[in-house]
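The structure that follows is given in the form of C-alpha cells.
Read from first to last, the chains carry the letters A, B and C; within each, the first residue is number 1.
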Amino acid sequence: MKHRGIAFLLTMAGLIVLVTGMLGCKESTASPLPPKQRLRVATTTSLYDTGLWGYLEPMFEEKYEVEMDVMHTGTGIALEYGRRGDVDVITVHSKAREEQFVAEGYGVERVPFAYNHFLIVGPPSDPADIKGVSPEEASKKLIETGSGSFVSRGDDSGTHSKEKAIWKKAGYDYETVQKAGDWYIEAGRGMGPTLLMASEKQAYTLSDMGTFLSYKGKIELVPIVDRGNILLNVYSAIAVNPEKNPKTNIEMANNLIDFLTSPEIQELIGNYGVKNYGMQLFTPCAGAEPTG
Amino acid sequence: MMEIWHGITKAAELLTTFDPEVMDIAGRSLRISVTSSLLASLVCLPIASLIHFHSFPGKKFLISLIQTFFSVPTVAVGLFVFVLFSRAGPLGGMNLLFTPTVMVIGQALLITPILLGLTISALSGVDKALVDTARSLGANGFQTAIAVLREARFAVMAAVIMAFGRAISEVGLVIMVGGNIRGFTRVITTAISLETSKGDLELSIALGIILLLIALVINLALSRIQQR
Amino acid sequence: MALIETVDLCQRHGERYTLKNTSIRVDQGEVFALIGPTGAGKTTLLRLIDLLDPPTSGKLYFDGMDVTESERLRFKIRRRMAFVLQKPVVFNISVFDNIAYGLKWRGKRRDDIRDKVNSILEVVDLTPYKNRNARTLSGGEAQRVAIARAIAIEPEVLLLDEPTANLDPISTAKIEESILRIANQHDTAIIMATHDMAQGHRLADRIGVLIDGELLQMGDPREVFNLPSSREVAELVGVENIIDGVITSSQEGIAVIDIGGTAIEAVSDYAVGDKVSACIKPEDITLIISKSASSARNTLASEITKVVVIGSLARVELDCGFPLVVLVTKRSVEELNLGSKVKVYASFKATRVHTIKRSEGN
C-alpha cells in the first residue's frame, strides 16, 4: 500500500514536470509560415547589462520580421566569433581592435553609433585618496601605495582594453600591474558582475557610465575619477564580412546597422534611461566618430 | 538576508503565476535534456550490449576507458563540440552552433560514457546461467540480448535516469555551444548563471527551485527502481 | 536410427579432460539416465549434446545429421531440444512470461502461446502462480517453471541436469511423474543426469555410468545395478560388498571363489585361476541363526561387528573371514537379538554373487 502512494506521487510529479515543459513550448505551436530568419549579434556586456539590447531587440525583430539572437559575450569573444563567422554582427567598444578587425578583412566597416564615458568608481571611503584626480595619476597612486583594491574586468573586453591603455599611459607595463599585488583582482567577468564584485570587496573598478548607472541600486560604489580624454567610450557596430565567411547574413546585418544609425532609433538611444536614472546612459553619434 | 527573502517571495510569485519566461526556460531545459537522454540511450544501449556480449582483444581496456570518461569536465566536451560546429570548423556548414540542436548533440555526447559504462555494468550483473537458458530455449543472438536487457531493466533504467540528471544540471557545455540566447537557447542552468552574475536573484531562485524539484523527482524515481 | 548419437566425444578444460571418448545413443521416447558422482562430466556431456559448447574432438549426430557442419544447422537443431539446468534459473518476469519465452522466440501467435502456456501450467500444477514474478517462487516451484518452460516448446530431446537435486520428496515425485508422462505421451527422448541411484533405477530405460569423464557402463537398470562391469561402477551403484578372490573351480557356470581361505559359490563365466571381485548387494544377504534353515548355496559362519539401525532398516557389519555388510529389517534385529559379537550365519544365493574380472594391480 505504501508503495502505491509513492508511485502515485511520482507520477503526479512527473506529470507536473511534463506540463511545465509543454507550457514553455511556444516553438511547437504550428505556424503556417516558414521559420523566420535569424540574425546573430555578439555584443559587449555593457550594452547588454544596461538593458539597451533588451529594449531595442523587439523593435528590430518586429520591423524586419527576424529573430535576433543577442549573445552576452564581451568584446574579445565577440571579435573571435566574428572572425569565425559564428555571428553576423558585432557591437563592441575597442577602437584599436575594431580597426584591426576591419583591416584584416573580417569586418565590413566600423560604424560608431553611441558613446559615453568610462569612469573609475570606488567605495565612498576612498581609501587610496584619488577622488577628482586624472586617470593616470589615480593609476600611479594605486600601484605605488597599494592602499586600495582594484577589480579588473580581466576578460579581454573593451573595458579591459581601456583599463590597460590607462595603465600604459601612466607608464606601467600591464604585466607589472598584474603582478603588483593582492590589491589587483582579475574578475574575468562582464561589467555588471564586475561591479557587483567591486562593491562586495569595497574596491575600485573601471566601468562605463551606462552599466554603472543601471546598477546604481545594487552597489555601494560612487564615481571617483570621471574626467579625462582617455575615458571616452565609443560603441560601434561591425557587420561580419561575407567575403571571409560566406554563410553570414550580410543583408540583415546591414539592416541592423541602418537601424542603429537611423534618426528615430538614435533618438531612442539618447533618451534611454533618462527617466529611470536621471541622465543619459548613451549619447548617439550616428556613424561619426565623437571627439570628446 | 532581506535580499534572499525578497528573492524567494518574488520567485514564488513567478512560479505560481506560471511566469512565461520561467516556463520558457524550464520547458527548454526539459525538452533538450529529455531528447539528449533518449538519443544517447538509443545509441548506447545497443553498443553496450555488443561490447558486453562479445569478447575481443582490448575489451577490458575499452571498458576502463569508458569509465575514465565518466567524469570528463563538461567544458572540455563543450570546447570540442564548439570547435566542431563553429562555422570555421569541419561541421560548420550544418549551421548548428548556438541552436538547441547542437545542445542536444553536445549533451548526448557528454552522457555517452555514463550510459555505456553503467549499462555494461547492468548487463554484467545478470547471471550467466540465464544466457545459457535463453540459448537452450532457442533464442538467437539478438533475442538473447533483449532477454538479458529485459532482465537488467531496472539497472538500465537507473543508468538512463542518472544520465538525464547529469545532462539537465550541467552548465559549461550548454553555455559554450548554445550561447545562452534568451528565448532560444537559454536553459535553467545557464539562466541561473547569468542572472546571478548580474545580481538578479528572483529569476535565479525561481529556476533553482524548479531544478531542485526535477532533481527530487529523479532521485525518488531512482530509489524506487533500485529497491527492485 | 537413434535420435542422438555421440561418437568418441572429448572435452578438454585447460589441462584436464572433462570428457573422454564418450559414445552414447538415445532413441525417441527413451529415458536415458546419466549417473555418476559430482564432477564426473555429466553436465559437460549434456551441454555438448545441447550444442551450447563445442567439443574438443569427436562427433555428434542429431537425427542422422552431423552437427559440426554449420552454425546455422546447430542453431536449428538446438531449437529442437531443451535443457533444464541444474540450478533453477528463472527470468525476472512473470511465470507466464517465463514459460512463454521459448514460444515467443519462435514467433508463435499470441493466442496459440496463451493456450499452450495455460495448459502447461496445469501439467506442472502452477496455474495459481501464473502472474507472479518468477523470482518470488521457492526452489521447487522455480524448477517446475524451468521444466514447464522447456516442455512448452515441445522438444524432441529434453535434457535435464539433476532436476530434483535440491527438492523436497513431494516436489521430486511430481517432477518425476511429469518426466515419465512427457516421454510417453510425446515420444520425447529424455537424457537425465542424476546422482540419485534410486531415481535412475525408477525412471530410466537405459543408464550410462559416467565416472571421471569416462563412460564405464551402459545398459538397462537391471544390468547396471546388478551386474556392474567394474569396481568403480559397483561402488557407485551401491554394491557395498566387493570382495577380491581367485576362482578355484568352475563347473556348469558355477564357480568357486577362494577368498583368503573362505570359499563362496557364484554364477560366473570366468575360468579357473582368474582373479575376480565378487559383488554382493547388502540386501541380498539374509542372516539366520542355524545353518540348516537356508537353501542358499552360500552359508557362512560369521560374527557381527556392528549394528546400526536406520529407520526401519538396520545395517549389520560382520566378519566371516572377510568383512560383509548386510541390510536387514529392524524387526529382524529385535527378533534375532542381533548385536555386537553375536554369531550368525550369512546366507546368499550363488546367483546373487556377481563377478568382475580383476586386472593386474587391482
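Brief remarks follow.
Note that contacts are C-beta pairs under 8 Å (C-beta built on N, C-alpha and C of every residue); 3 or more make two chains touch, one makes a residue touch a chain.
Source: prediction; values computed, not measured.
Two chains share more touching C-beta pairs than any other pair, namely A-B. Put simply, the chain farthest from chain A by mean CA position is C.
Chain B has the C-alpha centroid lying closest to the overall centroid of all protein C-alpha atoms shown. Each chain gets one centre point, the mean of its Cα atoms, and the points for chain A and chain B are 32 Å apart.
With centres set at the average Cα position, the gap from chain B to chain C is 57 Å.
Remark: chain A and chain C have CA centroids separated by 89 Å (rounded to whole angstrom).
Counting partners per residue, chain B has no residue that reaches two or more other chains.
Considering their complex, residues 6-7, 9-10, 13-14, 17-18, 20-26, 40, 49, 67, 69-72, 83-86, 189-190, 192-193, 196, 215, 218, 245, 247-248 of chain A touch chain B. Residue ranges on chain B touching chain A, taken from their complex, read 18, 23-28, 30-31, 34, 86-89, 92-93, 95, 97-98, 179-182, 184-185, 194, 197-199, 210, 213-214, 216-217, 220-221, 224.
Against chain C, in their complex, chain B makes its touches with residues 127, 129-130, 132-140, 143, 147, 150-151.
Those residues of chain C that touch chain B in the shared complex are 50, 52, 75, 78-79, 81-83, 85, 87, 89, 91-93, 101-102, 105-106, 146, 149-150, 153, 159.
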